[in-house]
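Each structure below appears as structure tokens.
Okay, so chain A shows up in both of these, paired with chain B first and chain C after.
Coming up: the complex of A and B.
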């Protein structure tokens, strides 16, 4: 176990800059999830930590020691690949034992470690099988086993759950978390799935175009997204956005959008953007609630989705599409009109040009912490 | 498999094609096989019905003038050694060229050169080799012949092995590196076991090329190291052409290839069609 520090890490392929100066301090024993859209450089960053990709600039250190020029085999890290990368010609036992054998660990200890890993991952009855005789979930466990026998300084995972079906993915998500509780090993987990990020991470690194957008706990990212990209990326269905202009009239603040429609804003809001400022207003589906006529704004229901316990209303108002989450089953149909109002204390404002969060200090909401 | 009428027609046509092809290949072979059991007089009169005799084989094997067994041994030594060397070098070379950090122009250049080299007929090299080998006292030696066969067959081996190597997923090398393998350990412990079927298929093909080579052997060997194809040809160089013994020799010389195909077929087909992993 070790801390991992990245300072101004860069990667370019020829003229193309893929990672553009990443600073990151990962604490000992922390479970970090690296999330972002496909192609944003997550794998590249992870592979630089692993030593599988050369580092174009900056310094990487693990446990305080600079690692830039250390070969992957000497970094003392373990990695679980998306494809699992099990050795097809070796039994499960040999796959798990391989790294220890290569390091010349004595056979009695190897046997103990393998038995221990097999026990933790319930692989005991599969030890003599070949990888091709296992199911996807079992292969995934073998890949985990191969990592844990090593007691490495850092665990790296590159989208290890993306080849599993939805149910198994949820199960493995929990198992990996529990394993982390037990081993307390520093881990960096890459995924493109924000749900995995939210549910698994101690802290999330949200990456886009090779730049960190935000680094924080899952709830920090959910409650105080520091720009519009983060706000849109975290949460599903995503946050609703309305572009408009702030107006202050007779002490009442409002967002004017479309052809003169207005959304009234809470007058108690500590720091409203200045009048006349062009902003993007954001609010999450669960904070958009039906209200009486005359309040909020009128919308037309274009589609309804229900999972049995959640009901999503997809609505349109003045060309702005939005989604409202209801836990009660409403008596309404597609084509009905409905009045909706975002909860006044759950609004997010972003600069229309830069996308940055406005009034970033003095947050509107405090989660119990 | 053929469900529709047109499919069925297509199936018939392809079947016909395969049978024609088989006939074209099998007929000369059958002709030789029959000649091997005929007396010279039957061969010269081209009689279709004949009483099979073993005299050709007896001549070939037991006659004092015949060196057939010795030549068979020469062929075996040269073909087995050169094949082993070609397969090992081409496996290691393709690993290096494709999976280690070799500049692209270098690997592309080498593969292109290998293909060009393979396209030239062996006879173009033979006179140069004869001169060089004479200087080095390599004429009529096993080392000389093995060296020549390795040189001529390496391009083919390189192309075949590189295709098998490409089928080993990159993740496996990376997993091996993280698990603590040096490049050599990765090659011997991970890559080699995975390209085994490919190596067997390549070996079978290279062995057959080496075994059937006539041009090089004719020019670089004499009595001591001459191989079977040369030996067979000598039956035609004296005052008469001993068709029967030529046929018997040819028939015997196909035995190793037949054995390879019977026992190695599984690997050859698997290796050539589907690659080595999966």
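Coming up: the complex of A and C.
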């Protein structure tokens, strides 16, 4: 186990810059998730840590030792690939033992390590099979077994769950997390799935266009997104946004939007934007609740999704589309009108031009760039 | 005695016709019908072009065939041609030479072709293009040009190779005229000619290997040799076996290089089976004997192919 430190790390292919100066300090034993949309540079960053991509600028250290010019095989890291990258001609046993054999480890110790990994990952009965004879989940476990036996300084996971079906993905998510709690190994996990990021990470690094948007615990990112991108990316369905202007009239604060419609705001809110300021108001689906006529704003239901224990109402008001999450089963249909009101203490304000958060109540929030 | 009248059922021709039409329609819509229509003509052509000539060869082998006034005269001789075949002075040394030729040439070609493919697959884009073009040159040259070039280069009197040896103070060598080294010279030319073929198949094999497996191995292995021995070689086993089979079969049929460089000589030093068959058929006009030689050669090549297939099958099963 080791800490990983990235100082002003850059990556470019010719004139195209894909990682634009990233600073990141990963603590010993921490489980970090790199998340972001496709093409944001998360896999590239992971591969740079692994030594599979060269570093164009900056310094990478593992356990305090600079690693920029160290070959991948000498970095003492283990990686689980998206496609598992198992050796197709080797049995499960040989796949797991391969790295140790190449390092000339004593055969008796190799046998012990393989048996131990097989027990942890429930692979004992599959040791003599070839990878092609295994299911996706079993291959995934073999890939993890191959990493475990090496006792590396750092575990790297490159979207290892994306080839699994939804049910197996949830199961493996829990297993990887439990494995981390057991081994307490420093881990960096790449995913484009924000649910995976939220459920697995000690801390999340949210990337976009090669820049860290926010670095913090899952709940910091969820409750105090530092900009509109983070607010939209984290949470499913995403946060609702309404562009408008702040008004203060006779002690009542409101957001004016569309053709003069208003959303009343709590005047006691900390650092309410100044009157006349053009802002984007954000509120999450679970914070948008039905209310009596005259209290909130009127919307038209355009679609309803029911999962059994939760209901998503997709509504439209003055051309603004929004989603409300209801845990109670409402007696309404598509085409009905419904009055909704966002919880006054759960509102987020963002600058319409820069997208940055306007009021900050996140004492623990950190932005890394 | 009163006989009970029995009524014969009137054949329902309309019903039978309908059933027949229904069956025909069902057959027309079935996969079997479409397999027959689409593959039938091809199977027929294959039969005409491959099976019939072999049957024809067998028929020829039982005859002594002479040409008089532009007309062939067939005389049935039974297995006489087979007896003559076993006493033939050219075929058997030729068969031994062919085995030596195939095994030596193909072994070197496999090693060289694989190494060249490894070099190219690890090269950068520019070097890769340059090396591929250079490596492929021999295979794009027509055999007649290759024969002419090498005959000149290996010439005892004015060959560039002997000129070069002269510069080093080494006496000239009769590369194609000395019975002890003529076969080796022809093998060297064949290696030069056909290594690009192996290179091409090996390169295609290397390119199709899963990249992520190499990325995983780059974290596991300690050096390039381990990667080659434990990853590349086992993963390339299928390509290697298929290429080997191709080359063995092709080299067993070598003719042009022998014809152009040595004509099978000196003596029977470079005699190969294809050349023996050619000589028997077209120089000695003994088509019956030539047919026996052809059938025997065909059986040897087929045995090689079956052996290689069995190897491949065994590998797949294991």
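Definition applied: the second predicted complex is superposed on the first by the 360 of 369 C-alpha atoms of A that agree within 3 Å, B and C clash if a C-alpha of one lies under 4 Å from a C-alpha of the other, contacts with A are read in each partner's own complex, and residues count from 1 in each chain.
Just so it is clear, a residue touches a chain if its C-beta (ideal position, glycine included) is under 8 Å from a C-beta of that chain, and two chains touch if they have at least 3 such contacts.
Treat the numbers as computed from the prediction; the structure is a model and nothing was measured.
Colleague: Putting chain B and chain C on the same copy of chain A, do they fit or clash?
Modeller: In the superposition, chain B runs into chain C.
Colleague: Examine A:73 and indicate which partner it touches, taking first as chain B and second as chain C; both and neither are also allowed.
Modeller: Both partners, chain B and chain C.
Colleague: Looking at the overlay, does A:87 come into contact with chain B only (first), chain C only (second), both, or neither?
Modeller: It touches chain B and chain C both.
Colleague: Give one of first, second, both or neither to describe whether A:292 is in contact with chain B, with chain C, with both, or with none.
Modeller: Touch partners of A:292: none, neither chain B nor chain C.
Colleague: Check the residue A:353 against both partner chains and state whether it touches chain B (first), chain C (second), both, or neither.
Modeller: neither
Colleague: Quick check on my understanding: which residues of chain A belong to both its chain B contact set and its chain C contact set?
Modeller: Correct list for chain A: 50-52, 72-73, 77-79, 81, 83, 85, 87-89, 98-99, 102-103, 146.
Colleague: If we count contacts the way the header does, which residues on chain A are in touch with chain C in the complex?
Modeller: Answer in residue numbers: 50-52, 72-73, 75, 77-79, 81-83, 85-89, 98-99, 102-103, 146.
Colleague: Contact residues on chain A for chain B in the complex?
Modeller: 50-52, 71-73, 77-79, 81, 83, 85, 87-89, 98-99, 102-103, 146
Colleague: Can you check the complex and tell me which residues of chain B touch chain A?
Modeller: Within the complex, chain B contacts chain A at residues 169, 171-172, 174-182, 185, 190, 193-194, 277.
Colleague: Help me check something: in the complex, which residues belonging to chain C touch chain A?
Modeller: Those in contact with chain A are residues 210, 212-213, 215-222, 226, 230-231, 234-235, 237.
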